[in-house]
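Note that chain A is present in both complexes that follow, paired respectively with chain B and with chain C.
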Partner chain A sequence: MTFGTLFVLSLIKAFAVVVGLSLNIAGVLTWVDRRQGAILQDRVGPERAVVWIPRRIAQGAVLGPAVLAAVGALALFFFKDAEGAARTTRAVGFSHLAIFVTWFTALLIAGRVRVRGVKSSFDAFIASVGDPRHIFYFGLGAHLLVLGLLAALAGTPAGETARDFLYGAGPFVFAFSALFGAAYAAQRFQHERAGFRLIGMLHPAADGLKTIFKEDFIPPGGDRFLHKIAPFISFFPVLVLLGVVPIGDTLCFGSDEQGRIAFTKLLETVPRDGICPTSVLGTGAPVHAVRLQVLDLNVGILFFFAMAGTGVVGAALAGWASNNKYSLLGGLRAAGQMVSYEVTLGLTLIGALMIYGTVRIDEMVRWQAENAWGIFVQPVAFVLFFAAAIAETKRIPFDLPEGESELVAGYFTEYSGMKFAMFFFSEYVAIVTLAGLTTAVFLGGWHLPFLHRDGIHMAIGDTVIFSQPLTHLTVVLLGVLGFVGKTVALCVLQLFIRWTLPRFRYDQLMKLGWRKLLPAALVNVLVTGLVVLAIQSASVEVQRFMGVLGQLTHLVVAVAGLVGLVLFVRFLLSRAEHQRVLASTSAQFAAAAGGTQTSRMGA
Partner chain B sequence: MEPLDIDLDSAELDIPAEPALLNVGPAHPAMHGTVRIVMELSGETILKADVQVGYLHRGFEKMCERGTWSQVFPYVDRCNYVSPMLNNVAFALACEKMLGVQVPVRCQHYRVILGELARMSDHLTCTGAMAMELGAFTPFLWLIKAREMIWDLMEEETGARLTHSFGRVGGMAKPPTSGFKEHALAVKSQVLEVVAEAEKLLLGNRIFLDRLDNVGVVSAEDAVSLGWTGPCLRASGVAYDVRKAAPYMTYGQYDFEVPVGTRGDCYDRFVIRLEEVRQSARIIEQAVQQMPDEGPIDIDDPRIVLPPKDEVYTTIEGTIQHFKIVMEGLKIPAGEVYSYTEGGNGELGFYLVSDGSGTPYRVRIRPPCFLVTAGLEKVITGEMMSDVVPCFGSLNMIGGECDR
Partner chain C sequence: MLTNQPLGPNQVTGAPLPRPDRSAAIQVYVPEIAKGLAITMGRFLKNTKEMALSQRNDPTIESISGGINCVSYPEQRRPYPERFRGVHRLTHRTDGSPRCVACLCCSTACPAQCIHIEAGEYPEGDPRRGYERFPARFVIDELRCVFCGFCVEACPCDAIRMDTGIHAAPYDSREQFIYEKDMLMSFKGRDGSQESENPRHEPGDPTHPGIDREHGH
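And then the complex of A and B:
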């Protein structure tokens, strides 16, 4: 790869990680944080932020994409015929897309009809379905029917017919549903302006935007220069931290005539073993590997610690430069806390490093994919690491540097406007970053159980249970999705902790760090060393047995993941209607007059 | 956990160090906006604390001397604004003691139920706010939700959620509403549910317990000599509760316990308040059973109680009676009295002096908070900066009552 290609590629990856992952998830997390707090605490969450859009623009925004998608689908059908395997792919893809768009549109309409009442004969028809969940069940049934039908009839003439039918019907049903849904939505904009709510997701965005226009206050007597750069020093490290964390498996590209990388020639499939084949099958052209991580550093996780250590400086500087005793106390607390917990953070990883035998995070993930996830081989380290990681983010129960009831706002007491927002945001980005790192080191990174480089291959020992080859792109995309999903799950877990626990006292925090977590981490290193030695010197049978155990852990993860998914869907489908008790007379009067909107608060 | 060693002499350090002076409050999140503490800190340890009250002083006692006896009620509402009903009843009892009258049994039960609900709301606020200041935001909102239920009932009964001004000398402003008993029982059981839920979240939590255990310890002797009363005194192990020690109204008839602590630390003060909520629930249950459905609320004395409105507008006697009581005030015989009841934070006393006119000569309120806050300095000296939060929270200083 030439330097230019490498540079552009790195820029794209950095942009994707910073904007797509860190900033995006952090922004959404801000919303989730408040929403989740609201759910736990029986109060109204941030779901009322609204942006008013003129009616015509709103209608265009709804109709435009739908028309484009419908026209695109139909044009594809009429002008670009596909044969063979591509025909099957398009038939399956379009039929599922059509089914999804159909039931999802119906579901949205049903929800709207429930809230706003029946206004047309079509509304009445939708309302006659009763519970909107029925629409979802119906859609799910249709998906399964198509899947089952194609699988059952595969290879027979009837299967050909069914495929051809779906190939033809898919685009039309898709186009109709998309257009109908968009038209229904567009004609519902009755007023001159339409409210764009997005379940309150705009609220954090509006808050963030607002801070740009706020007064930028520097306390008299404060160090102007340090006060200004402190937020940047705080914000920058957490942004670059994710650079060494791989968000997906390596992509393999073919090459053009000159042997340079050709981004259009992504390999169809890759073999199960190794990362990329040395040459494209048949032609012998060289294969170029593109890692899905911004910085391809051989020091890997050490860079992470170097950068995470820099974050301390920002908080300490902010505390010092503010000329405020609360800030100073907060800055000192932040410095002490982060330095202490970084020791634990590093030491817990020593055990993991001993087992993985590498400091490169992508190789750690590969080791976990081959053997077992880190959480199974290093359970103690996982708990310690996660605890120390929360301490690094300076959030409850470790939010002493902020400690709003003691230190007003800790080290950023004297910060306002966007500089305050940078501290605030660096906290949320740090959540994402540390969740990403925890995922990569302990939860198998992009790896999903039984998903190999060439497809799904489920086997315990020599017994093959299930096997399904997949294309290279699908495998990598599934991996990226898996990584993001695990990261988000860890983030949400951190938010749960935040809304549940009170905060430590400073000396208790230090005692926990130095007297409990650190010795535990050291013992963990010792035990890990002994176990690694024991296994290395063990007989072949024992090592074989360990291999099977590792596959069993993958099975456990797969089963647990499926059960979790089912439970999550059940949770989503469960009824979420709150009973409303109007106890006082004035509340009853207000409700009778139609004055108050139905509150979600339970009584 | 025990606090860090504080016998670190500055002379032992290599660099010359002197204590840092930190001014906390009155505009500080943990100071409830009304108290200022000037601390001398060595690191995070408080070497010396100077607690200054009075930022909410509004001269209530003096203002009471310019109206009639009935016009005092709105002032006492604004003393302990978290449980105003207890203050209302306490002041009414003091006036009735001077007059030498007693309200009907139905009214006594009514006052007890409303008062115990107010006590619940006081304790819920205190424990919730304490947990919130320690960072546990969720239980705070749960407990405040329970308080809202109580305030809904208060609104239904009195027409106001916070400052009811519902007490009257010789009765209450209005008789109970028709659904009062069911409402009170329903609120009681819902409050108990919420309390159990919040307790489960907090008292099973190691971090929370570590923050409270052996923090801000006050011995029984110290508590008595400081003049503490109420939950703070009982947490130190002295079982003094005015409701038991000198039963007033119908408190002698009910079966309830006085929870007592053993160590006198923040943990004891925290759990005693939650336990008192349960005891209040017991009292409410019994009072609801014993309260007659029919019968007068006000005493039958036209010199003390306002006549019904229809008589005021239709009969000359009613009009004159109304005019005399409103314009001149009810006449309390000359003399002085000290009447004390169990308020939300302890012994709430009223020392009243009457010169026989319709206007109080002197109204002196003995607020439990003032004396409790006086002990704050002793409680926090030697503790860490962060311990101010649970200590101050567990003492439940109510600015309006402390500064008046």
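And then the complex of A and C:
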């Protein structure tokens, strides 16, 4: 790869990770944390920020993608025929997509009709179905029917016919459902303008915009230069930290005539073992590997500690430069706390490093994919690391540097406008960063159970349970989705911890750090060393047994994920049980008048 | 009587409060955190699900039951009682002129002094000249108004009413809260009417008692 290609590639990756992943998730987290936290207390957080869109444009925005998808599906059917295995894949894919879009659209419409009442003959038809759950059950039945039919008739002439029928019917049903749903939604815009609220997520955007225009105050006695530079020092490290974390498996590209990388020639499939084949099958052209991580450093996680260590400087400088005793106290607290917990943070990882035998994060992920996720081999380290990571982000229950009840706002008391917003936002970016790192080190990174480089292969020991080859692109995309999903889940867990736990006292914080977490981390290192030594010197049978145990952990994760999904769907299908409490005369009157009156805003 | 004597063991009454349990399971702290998280998550997920799937309870009815209890104004509103006092309106006569005769009863009765009336005389030759006057200006400062309804009670002509059912609207400047006569006359009652059910006895009507400024009782 030439320097130019490498530079552009790194720029794209940096943009994707920093803006696409880190800042996006952090923005949404700000909304969830500050606004949706109200839902815990039976309130709806502020969600009124709105952008008014003219009706025609709103209708276009609804109809456009649906028309594109429908035309795309039909064009694929008419102009790009598929034969053999690809035909089966497409028949199965399109029929399930069509069924899903159909029942999901019907479910959405049924929900709306229940809320606002029957307005048209189609509404009346949907309402006649009764409980919207029936639509879900019907859809589930259709999915199972198609699956069962194809499985039962596989290999017979009837199966061929069924497959051809689904191959033809799928795109048409999909196109019809998508268009119908979009048209239904479009004709519901009855006012001249439509409010675009994005479920309230525009509120943090509005807040962020506001801070740009607010007064930028610098305290008269403060150090002007340090005061200005402190927010950048605290914002920068958390932004670059995610650079060493791989967000997905390595992509393998073919090469053009000169042997340079050709981005259009992504390999169709790759072998299960190894990262990329040395040459393209058949032609012998060299294969270029593109790692989905911004910084391909061989010091890996050490870079993480180097940068995380500078985070403390920003907070301490902000406290010092503000010329305010509260700020100074906050800055000192931040410095003391972050230095203390960094020790634990580092020591917990030593155990993981001993097992993985590498400091490169992508190789850690590969080790976890081959053996077992870090949370199974280092459960204690995971808990300790997560606790120390929350302390590093300076958030509840470790938010003493900014404890409102004692220090006004701690080290950023004297900050306003965008500089305050940078401190504020860097906290959320730090959440994403640390969640990403925890995912990579302890939750298997991009790895999903039984998803190998060449497809899904379920095997315990030598017993193969299920096998389905997938293309290279699908595997990598699934991996990226898996990484993002795990990261978001950990971020949300941190928010829940913030919503649940009260703040520590400062001496408790220090005691927890130095007298509980640190010894626990040291014991963990000791025990890990002994176990690693024991396994390395054990017989081949024991090592084989450990391998099977590792595969069993993958099975546990897969089953747990499946059970979680089923429980979640059951939870969604459960009925809301409310007691009608007519406690006051005004409630009695309201009940007689038909309850809360709902109307659409925006006329 | 206050004494500095400490209470003896015999004087202490009631059972001692139990000490918090300090078992190992609690000291480890992690299981207790998990329990707390489960409660928070359950609450969050339940409320979020009910909001997303439109299964929320009706906040104005079920005001003390669990779940989210807030009215998302202005999309959602409380039903107002029949006698809810909303923004004022001036009722019309059959010819579209205000029923108000500028007697100043309402502005006199107003405790907030938010009503300003400038009375006008009908022109020479009009049968109503000398019998009654009309409001040349009728201004209500809705920002000062306390919505007590005294003006409605005081009016002898059923000319001012507060039955519009309109919630006092928020504006962004004080001038916009000054409602002039035209605006007050443009509002309709909740039944859509602009006139009053009560008949008037105009001069010349058979029901008119024949009393005016010149011809007294």
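Some notes on this structure:
Definition applied: the second predicted complex is superposed on the first by the 550 of 603 C-alpha atoms of A that agree within 3 Å, B and C clash if a C-alpha of one lies under 4 Å from a C-alpha of the other, contacts with A are read in each partner's own complex, and residues count from 1 in each chain.
Rule of thumb we're sticking to: a residue touches a chain if its C-beta (ideal position, glycine included) is under 8 Å from a C-beta of that chain, and two chains touch if they have at least 3 such contacts.
In this text, all values refer to a predicted model and were calculated from it rather than measured experimentally.
When the shared chain is aligned, chain B and chain C each come close enough to touch A:W499.
When both complexes are overlaid on chain A, the residue A:L40 reaches chain B and chain C alike.
Contacts of A:V115 after superposition: chain C is touched, whereas chain B is not reached. By the document's definition of touching, of the two partners only chain B reaches A:I396; chain C does not.
Contacts of A:R544 after superposition on the shared chain: neither chain B nor chain C is touched. When both complexes are overlaid on chain A, the residue A:L572 reaches chain C alone and has no touch with chain B. Judged by the touch definition given at the top, the superposed model places A:Q508 against chain B, while chain C stays out of reach. In the superposition on chain A, chain A positions 40, 42-43, 499-501, 583-584, 586-587, 601 are in contact with chain B in one complex as well as with chain C in the other.
Put simply, chain A touches chain C in their complex at residues 36, 39-40, 42-44, 111, 114-115, 383, 493, 496-497, 499-501, 571-572, 575-576, 578-584, 586-587, 589-591, 593-601. Against chain A, the residues of chain C that register as touching in their complex are 30, 33, 36-37, 39-41, 43-45, 47-51, 53-72, 74-79, 81. Those residues of chain B that touch chain A in the shared complex are 1, 3-4, 20, 22, 28-30, 44, 131-138, 141-142, 145, 149, 152-153, 155-156, 161, 183, 187, 201-202, 205, 207-208, 210-211, 384-389. Residues 37, 40-43, 325, 329, 396-397, 399-400, 403-406, 408, 499-508, 511, 583-587, 601-603 of chain A touch chain B in their complex.
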